[in-house]
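Listed below are the structures to be examined.
Consider the two complexes below, in which chain A is the common component and chain B and chain C are the respective partners.
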Partner chain A sequence: MKKYFAVFQINLLNTLAYPAELVTRSGMILIFMWVFFQLWRVTFAASGSNSLNGLTLHDTIWYLLLAETLELGRPRVSRTISDQVKDGSIAYLLNKPYQFLLYELNNGLGESLPRMAMLFVVGGALVWVMAGPPPNLLNWPLAILALAGAWLLHFCTGALIGLAAFVAEEVSPFEWIYQKFVFILGGMLIPIDFYPGWLQAIARILPFSYMMYGPARLFVEPNLQLFIQILLGQAIWLLVLGGSLGLAFSRGMRRLAINGG
Partner chain B sequence: MPAILVTNLTKTFRTKHKAAGLGASFRSLFRPEYSPVEAVRGLSFEMEAGELLGFIGPNGAGKSTTIKILTGILFPSSGEVSVLGYVPWKQRRKLAYSIGTVFGQRPQLWYHLPAIDTFTLFGKIYELDDREARKRIAYLSEAFEIADLLETPVRKLSLGQRMRCEVAASLLHKPKLLLLDEPSIGLDVVAKQNIRDAIREMARQENVGVLLTSHDAGDLEALCKRVIIINHGQIVYQDKVSTLKRSFLTSKLVEVRYAEQIPLNFCIPGTETLKVGKERYGAKLRFDTRRTPVERVMADISAAGTLVDITVSDPPLEEVIAMIYQTARRPDMAGQG
Partner chain C sequence: MIRELKFLLSLWKTNLASVMEYRVAFLSQSIGMILNDGVYFIVWIIFFDRFKDVRGWQLGDMFLVFGVSASAFGLAGILFGNAFNLGDIIVNGRLDYYLSLPRPTLLHVLASRIVPSGFGDFLYGFISYMASGQFSLGGLGRFVLAVVLATTVFVAFLIIVQSLSFWTGTGGTFTGMAINAMVTFALYPITLFDNAAKFLLFTLVPAAFMGAVPAGFVHASSWSLLGQMALAAVGFLALSILLFQMGLRRYESGSAIQVEV
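Moving on, here comes the complex of A and B:
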């Protein structure tokens, strides 16, 4: 495992090599959170109630902060892998003594962790000022565990899309579709609790809610039953997506045609 | 046991193609048409342990495809390959511990970080212990004269400096076989010489076999004992480099530039004038070293005017291959492939 930790370490260094880029990217969350706060403030005011489907304005905004942190900070693994396939640099990654997918996972983690930390701190500061202090520290461990599961689900889906470059010339449409599903059925723009019952039922079956809604919801309202339900959902989808990823990789290797001679 | 044994290797790619125009683009969405491209066609060769083998040919000849099959990255369409006793595409990761690779057009060093970070990473990836890795890095730094470069972000290195670091990184785990794909591409004359010297010296000291692909005849003259020339995925020649030089690399191209104008019918005895420059300050000549001694040509060129610049080069490999084709029927000149 030492070699994979070294991969994580080097991409962490690489990401920290450009602190200005890291800070600028984190600045984006300020705009998003400000817009979200204005929208939900008006919505809650119009409803005339402090709580909608169990969530207060404070909960909603902190929920959205965690969701945005994950969305903006998750590694763009589909683009990374599809670029490696397209420009031929995958040749270098495949002829080393490691598991390619584990390499990419640790590579993604090295890029993602500092970004997510920075996004959370910068965005969290604004949300604190606008909506009040963060949820109780006791809520955090469950949310962090679910966040790890969500991150892995994002990784598997992104890597599957990236590996599609073995057969498709352009994978960005797949990434676009996946992102939109996460936005809507993952509860990134609106918490799933606010959806009509039938749409909630659909969202809870699909993997997207486990990629976004799960950790964000646990962050604002820890609930052991919900935690178990989310972890179980994540485990099932990790088996499905992880298995598909392994299969796609071994099949993709047979079809690989390194570009550029 | 040979380090590399290749028997009847073929690799066919499928290339999607479509006619021009919107209609054709639309049709290809539903009924894409593919045509096979044979990159490697029935290749067979051997390479002994510790041998320096040149694998050369023009662009698109199938050199890189072969090297990628030898490293296990690409699956062949048919044929058998053994590299250090491994079947590369089946035992890719085991093989990786014993081979080093450099693809001249694909950097493996982390671009924004100092090269030492990539060296440290490779030490971990190849499971060297920290002390051993540090010792090896120090040794390679000296051999490739990169000690002063290791702390500089790779993006700030010149191409020549970067390539020295690239090759040194590929030797970190003491491979038994080094596969170099165009290691000198894009380098200037001095940088090429430096990298060739360092590779030759390392191969001698550590008995590393080197398989080198290039489309520069100078690489194989400087580094290799034996050469395989490949074109359109097939071997067109294989023999000792000395034989190749004697038979085919006998002509030299000379480009000269003078301080004053030269006559339109500029001529140096024993050479053929290929071109006189538009403004009549320079000329391009060719001569056969078997018939005209190099010293005599140089002396005559110097005597013809005030020389400002001179470049002597080998004929392009394409020309050498054309010559090989022309003489392929003559049993005394033809290669064994």
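Moving on, here comes the complex of A and C:
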């Protein structure tokens, strides 16, 4: 495990080595959160109610902050892997004494952690000013655990899309559509609680809600029953997606042809 | 002028021939982008199904705004694909190639690349317009005119933002933020924003001329709106050319020998 920790550490230091870039990149969350606040402020005002399906304006905005932090901070692993497959550089990683997918996982984590932390701090500062203080600190541990599960689900899906480059010429459309499913069925732009009943039922079965809605909802309303339900869902989908990833990787290796160097 | 127009047409023909060389990738990116846009729009269908109205804006208005913005975004990528990475070209000293040829530098560099997924965005805009329930032959003419003017403002904005690279020496991150800001603000109902924010959306980040104003013109023919759009297109284009020319005087390169393919 030491070597994987070293990979994580190198990428962490690499990302932290350019603090100005880290802060500038985090600026994007300011635009999104400001627009979200305007939209939901007007919507709540028009509804004439302080609470919609159990969420207040304050809850909705902090929910969206966590969702946006995860979306903007997760590594674009599909791009990295598909580029490596297409330009053949994957060959240089496969002959090293580590498992390729674990290497990429630690690589992504080292880049993603400081980005997500910075996004949360920068976006959180604006949200605090606009919507009020963050949810109680006691809510955070459950949300962080669910966030870790969501991150792993994103990694597995991204890596699966990246490995699709073994069979498809261009994988960007898969990534776009996956992202949009996360937007809708994951409740990234609108909390799933505001959806019609039938769509809520569909969303709660699919993995996307465990990738986004779960941790964001736990952040604003910690609930042991919801926590167990989310963790269980994440575990099931991790088995499904992780298993598919392992299978796709071994099949991809069989298709790989390395010609010279 | 006619000579430059012929040159531009040859560049576009060459670009088109080059994407057609990889038909599968071209088709998958175009169809993928249409699906991507369509899936993304479901968010607004869900939103307006639940909340009906945002300060006078309804689902039909969103179809229009989304249609104009998507087509303008796509058209910019089809005709002037390098407008999206002009900053990187400047920072990496890749303007040398264009400067060494007897053609207008800015026009040449902008039109030397095509973004294949732009076709998907461009077509989706028309689908969105037809789905708005406001389709008519006159409206279609106004839609085309509105898209052309919105594209001009968008491309001019991209040139302005990225010409700053002549002074700052950096490219990517800031450009990404500026594009995100422009597109995000263009795709949200303008009625959400107060007067100060609206002033910014007509000047600093002219997203109103990519979304709300052209959509308003398509909705109801108005000389006043047409005048505003034409003035914005001419004004921002003139400013962008001026800024690029001023920046060009500061341009430095490492005299790298490169081959443009």
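The rule we apply is simple: the second predicted complex is superposed on the first by the 256 of 261 C-alpha atoms of A that agree within 3 Å, B and C clash if a C-alpha of one lies under 4 Å from a C-alpha of the other, contacts with A are read in each partner's own complex, and residues count from 1 in each chain.
Definition applied: a residue touches a chain if its C-beta (ideal position, glycine included) is under 8 Å from a C-beta of that chain, and two chains touch if they have at least 3 such contacts.
Everything numeric in this text was worked out from a predicted model, so none of it was measured.
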Figure out whether A:Pro196 sits in contact with chain B (first) or chain C (second), or with both, or with neither.
second
Could you look at A:Gly243 and tell me whether it touches chain B, chain C, both or neither (first, second, both, neither)?
neither
Just checking: does A:Asn14 make contact with chain B only, chain C only, both, or neither of them? Give me first, second, both or neither.
first
First (chain B), second (chain C), both or neither touched by A:Pro141
neither
In the overlay, answer first, second, both or neither for which of chain B and chain C A:Phe181 touches.
second
Can A:Ala6 be said to touch chain B (first), chain C (second), both, or neither?
first
Considering only the touch criterion stated at the top, classify A:Asn95 as touching first (chain B), second (chain C), both, or neither.
first
According to the stated criteria, A:Met253 is in contact with first (chain B), second (chain C), both, or neither; which is it?
first
Going by the contact definition given at the top, which residues of chain A touch chain B in one complex and chain C in the other?
169
Give the list of chain B residues in touch with chain A in this complex.
13-14, 16, 59-60, 63-65, 68, 71-75, 92-94, 96-97, 99, 101, 103, 105-106, 108, 110, 112-113, 117-118, 120-121, 124-127, 153
Across the complex, what residues on chain C touch chain A?
22, 24-25, 28-29, 31-33, 35-36, 39-40, 42-43, 46-47, 49-51, 53-55, 117, 173-174, 176-177, 180-181, 184-185, 188-189, 191-193, 197
Chain B contact footprint on chain A (complex, rising order):
2-3, 5-7, 9-10, 13-14, 17-18, 88-92, 94-98, 169, 253-254, 256-258, 260-261
Interface with chain C, chain A side, in the complex: residues 21, 24-25, 27-28, 31-32, 35, 38-39, 42-43, 46-47, 168-170, 172-174, 176-177, 179-181, 183-184, 189-190, 194-196, 199
